[in-house]
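Next up, some structures in structure tokens.
Consider the two complexes below, in which subunit A is the common component and subunit B and subunit C are the respective partners.
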Partner chain A sequence: MSLSTLFNRRINRLGSRDFLKAIRPFVGLFVVLLLFAMDAELRSLFFKGSNFKMILTQTVIVAIGAMGMTLVIVSGGIDLSAGSVVALCSVVTAKLIEQGHGFAVVLLLTVLAGGLVGLANGGIITAFRMMPFIVTLGMMGIARGISKWLANNQTVNPEQPLESVNSLMDNSQSPLTFSPLPDGVWLALGLAVLMAVVLRSTVFGRYVFAIGSNEDTARLCGIRVNFNKVVIYALAGAFFGLAGVMQFSRLTQGDPSVAIGLELQIIAAVVIGGASLSGGAGSIPGSVIGAFMMACLANGSGIKDWPNYMQEIIIGVVIILAVGMDKVEPFIQRLFKRQSSSN
Partner chain B sequence: MKSWLLGAACAALVFVSGCGSQSGDSSGNGLTIVVIPKGTTHEFWKSIHAGALKARQELKAAGQSVDIIWKGPLKEDDRDEQIKVVENFIARGVDGMVLAPLDDKALVRPVETSGNADIPVVIIDSGLQTDKYTSFVATDNHLGGRMGGAHLGKLLGGKGNVLLLRYAVGSASTTKREQGFLDEMKENFPGIEVLSSDQYAGATRDLAYTASQNLLSRYGNEVNGIFCPNESVTVSMTKAVRDIGKAGGMVKIIGFDTSVQSLRDLKSGDVAGLVVQNPLKMGCLGVMTLVEHLGGKAVAKRIDTGVALITSENMSEPDMQELLNPPLEKYLGTGN
Partner chain C sequence: MPEDSSSNAALPRLRIDRVAKRFGPTVALDGVSLEVAAGEVHALIGENGAGKSTLMKVLSGAHRPDGGSLTLDGRPFEPSDPLHARNSGVAMIYQELNLSPDLSVEENILLGREPAVLGWINRGERRRLAKRALEEIGQAQMSLDAPIHSLTIAQQQLVEIARALVGEPRVLIMDEPTSSLTRVDTENLFGVIERMSQRGVSVIYISHFLEECQRVASRYTVLRDGESVGTGAMVEASLEQIIQLMVGREIDEIYPRTSRSAGESVLELSSVAGLAKPSCVNLTLHAGEILGVFGLVGAGRSETLRAVFGLDRLANGSVSVFSQEATHSTPAKCLANGVGLLSENRKEEGLLLNRSIADNLTLTRLDPVSRLGLVSDAAQVAASEKWMAKLDVKASGAAQPVGELSGGNQQKIALGRLLHHDARILLLDEPTRGIDVGSKAQIYRLMNELAGQGKAVVFVSSYLPELLGVCDRIGVMCRGELSEVRPIAYWSEQEIIRTAIGQAEPREVAA
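Right, the complex of A and B next:
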């Protein structure tokens, strides 16, 4: 056996494993949909265009948050402040609308506000070499507190609603048909494509993977690790800011107590999507599918009228299964290999 | 002046049992109705649930079979979660909804969506800033506030100093109670001075306790009567009054809603009276109104479910007992 064939085989194996990993969330989603299709009641009620529009709209906030979180988790970090930043930014949106700004200004400044929180996260983490878990845990409280302070401990209801922001997540005019999809869904889909390309095919995207795989090696290779980490957290914050605009649009009000625990849903979506909390693995399409799958499960449980606790248990099981597949897959592969070698 | 109040109270009592609406025509096939509360654990919502099941029983007896689905938000007091529950039932395509909105603005769009999907919605308990609903079935909170004010004025003999500790900024139902109390004082008891009416307690008992202490340290020596617009303020204010040694009737406290502690205080005489709502009737009338609407009848846009004043003298009367301890087991035990 020549060295080149050995090398080729190695590449193939790596490739097939990566491929398996990449399609896993899609397979998971397919299994869920298949299970739903086997149930007569769900078949008629779940698989309707209008219902899918509803699920897609419900997915938008978690999906946009998951795009930012994917960057952070792939780089080996974590951001627990996501939910609080979403709440803070929903209040910021409301305040900006109250001051009479237009659509573009509201969107830009809110995203910027989220980005600033992320910048603070990244700055503290790199400057003082602190654990991301601790820093963002602290920021979770700080951002929540600031949002309550800004909002004076109540919801903020702009007297002159800005229709363009409100309509981002509005389905109320056509609840019985699939189209038109609300703008927020298109925006999320477009961003998902953009971010998938950024993470896979740009220098910055590869740096994110390199830092998450092995930070020291990345540093030795000449990657400006600290700078890139700050950019990653700031970018993630910007995504949470955008999710905050969507949250405002959904409630049509700024609510400082909204999105409590949302960060855990976002992290769950990213993990179901194939990311590893130890860094170096994960993908944008996977995370978005993860978010969509969780919304499907919640919607299906609702239609089946399962009690709330069942829904919580099911999603918990799915998270563990998704991560557990990491351990099961090599086992299955070995099994296949033994069979093929005995032939 | 008090005759209309009394009349209202009596009307409320008459309808305590049997939620006051008679069965109409029955349209044969069964209806699926979802009842969405703000939360599921509080005693108040259990009474609403019992009321909804009571309506089902009465409708069944009248030949109309109704399926009641009881579904609260996954996380209590989370507006986004309640919106999801409403949306998922629109997707499921129920015949109608009875909804207690967590927020008078955030739930507007889901209710409008529901209307566009031809699913009528009856709002219970708290108002909504739209008119795209079928009917609003709730306590007349303004009347409740007036009732409490009238009783307090009577106890004080039309003179003295009173305090109002408000509940929380932006809470619609308690704001109406507070306004009702102030209106009653202004119109019918000119001899009574309201020392303070601009302080807010905040959402929790702990915050309310601090606010009560602060208020009493300022006005504790001059105050004769206090009105508390909800359960947490009532309990906390009573505790603070006990702390300064003015409990047991030296300062007359009128509260709103009931809890184990406030009933204990009422019995011991620390609280002079409690204005109570009728959640059982609210749940029952909510479903009844929706079914009438679905049967093609015209229903009133606003339906009052009544309030009653409970004092230590009348609290053992059977009517009051039914309000204080609604027969939940009777309905929830046998229900779904």
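Right, the complex of A and C next:
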């Protein structure tokens, strides 16, 4: 089957507009790479295997967080506690390693810890019918506070490092390196594929969209809205917990004051990926591409030796552009129409 | 003003002359002509999609016409935006009311035209103006300080009319003003329209309810496919003639009724009461029958259905479905038992507007379109196309978002969901509200067919002719209580209304 017939099939199933919307993050990434390719310095330094390995590794934390956040945002919610939960879980990882636990136990318990925070978020939001913004804003402070308390307000450096955790984000020290990429990147890619299928094609995924699109309708259609919301926030928390493990691996220490403002980067990735903050729209591949695109921009700016503030401005512009396309497209179409009708 | 109209007797207040408007390849208006005299109430009639809303948007300045001309009191009228149209004396009252729910009646009436000096609102003057506007429509008793959200829909509509009057409109356009009003409120509204007409305000009255148009308007114009296909004096036209103009073909039978017999009882409510409403509902629904429930807005009809469906809490009484106890149910359990509810608010509650037709149709029952736990797009589309064909849904395809469809087609999708679910008990709350005659007839036909298949239908409506035309038995709700459910032959329109306003007691009838 040729690529074009494959494309046409997707268009028929999705409708042409949805199809254009779905590929928009990919087009955005393509444009960024194209612009980079036009610059001689970037051409030689950016487009290198070792550089891509670095970018991918840098993407992992935001991308894993974005998978959880996509669930929440598509369901019409928001989770501002993501950054704090990542910091908390990096401390939890460090503490568990200090206690001498093995890889599986560390990973499982840390993810569980993140999941518990999410469970609390979802529970409070549904039980007291509170705004997710407020509840998770509160939780952002609570989780940050707990992580500092747990870590005695300083970084936690396990005396006996656990190599399997450290190599998640850096495989250069591993004696057996068959893989060109560290384990964390593969884990993130695998989870992205899994979550993309879960959100797009499982009944649970359809319910997430239905709840975000219109909660009342979802209730009318027999969907257990509260139960599903709790599951969504708990799952998101678990993803933030996993991102916390990755955060530990990156610094090889638990740091209670790390990842401040990370939730906003994660939300930006999800929004660049085509999600709507009013719910009912978004996709996992889009969010992951959004995270990757932000890492590319940061990396490219670094190579060009642009100051930090330039990076911040560029990423800010990209966020507004990504969301603004929705509003700009009809405007451009109208302009063209007006021209053609006046001719 | 009356003097004005007598001095310019030959000059129409508003003249629409061969107005045309196209959007890309779609022709929305293809030569619409219409004349309204000062103080005339003119009914604008047409199916959804006939061009009524585009014409309104042209009149309000939201769209510029591609051809034709508008004349207001002899002067060319070319509104550039809604504010300009309003300042020129053309006011609109849309079907969806445009009030700020948290502001008071007074604030809403003067919203956007507050009497002010250097930005400071002159509250005394505002109160006087608001009061005068309410008096003009005979609503002097309404509280000026009540927040809008505390009012009924009918009261909100009156506030909207009062607001329009503050601008001293020469032409007032009302889009489906009675679609959510009860009979009594509708009568009240007609009184208000009459008053305005006596004051010399011309009213363009858009409605699907032809009986209302006959009652309130002196002349009519019928739109079909963007053209004005007929105009004349209301008294000279019969309903059948107008309907024929609207659809361009004969509607063989608006209310079909094939013979059928009721089967065993499938749904029983005994002394059902909700937290506020209803207070006492007893009924037995049988397989293969359509049971109508009439009542004024606020009588507790929707609340009864919602309580049965588990959307609202039940305070008292018991419910059984297929002889199984189902008193404190949930929507999920109801759907599992084959009970489906069609919400009266298709936009707020009934549909996922930004999702596709396919998603909306199959949401309650995804397993037939899933394989190995994964929902298949192709199967979803195939299943949806079947229902779209069956219900004659006009759409670009199963992937089109429901929010882009017309009201009638949206309603068919909401109803189609119950069909896809294969619900055996259908609780339909105002299934024909705000949709065109053609779609209504299709829905009546569908209900008739479902009952013929042995399904049981509860049909809640505020529109008497359809209840009398479609139902086998009817019960009437009044202040939270359901009357005895009686066969259709027992009821007349008068009897139903008397029961609905609580005047059915023997002594009252005798008096």
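Everything that follows uses one rule, which is that the second predicted complex is superposed on the first by the 307 of 343 C-alpha atoms of A that agree within 3 Å, B and C clash if a C-alpha of one lies under 4 Å from a C-alpha of the other, contacts with A are read in each partner's own complex, and residues count from 1 in each chain.
Quick note on the criterion: contacts are C-beta pairs under 8 Å (C-beta built on N, C-alpha and C of every residue); 3 or more make two chains touch, one makes a residue touch a chain.
Predicted model, so just to flag it, every value in this text is computed and none were measured.
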Which term applies to subunit B and subunit C once both are placed on subunit A by superposition, clash or fit? fit
For A:I260, decide between first (touching subunit B), second (touching subunit C), both and neither. first
Note, angle between subunit B and subunit C viewed from the Cα centre of subunit A, nearest 10 degrees, works out at 140
Classify the contacts of A:S287 with the two partner chains as first (subunit B alone), second (subunit C alone), both, or neither. neither
For A:K48 in the superposed arrangement: first (subunit B), second (subunit C), both or neither? first
Between subunit B (first) and subunit C (second), which does A:L251 come into contact with in this model arrangement: first, second, both, or neither? first
Winner by number of subunit A residues touched, once subunit B and subunit C are compared: B
Name the contact category of A:A210: first (subunit B only), second (subunit C only), both, or neither. second
Which partner does A:E312 contact after superposing on A: first (subunit B), second (subunit C), both, neither? first
After lining up the shared chain so the two structures overlap, which partner does A:T110 touch, if you call subunit B first and subunit C second: first, second, both or neither? neither
Minimum CA distance, subunit B versus subunit C, superposed model, integer angstrom? 39
Quick one: which bits of subunit C touch subunit A in the complex? Just the residue numbers, please. 24, 309, 311, 330-332, 334-336, 341, 343, 348-356, 359, 363-364, 366-367, 370, 373-378, 381, 396-397, 399-400, 417
Could you pull out which subunit A residues touch subunit B in their complex? 45-46, 48, 50-51, 54, 58, 152-155, 157, 170-176, 247, 250-253, 255, 257-261, 298-299, 302-303, 305, 308, 311-312
Along subunit A, where are the residues that touch subunit C in the complex? 12-15, 18, 197, 201-203, 205-206, 209-210, 213-214, 216-224, 280-281, 337
So in the complex, which bits of subunit B are touching subunit A? 69, 71-72, 74-75, 77-80, 83-85, 87-93, 103, 105-106, 108-110, 112-114, 116-117, 168-170
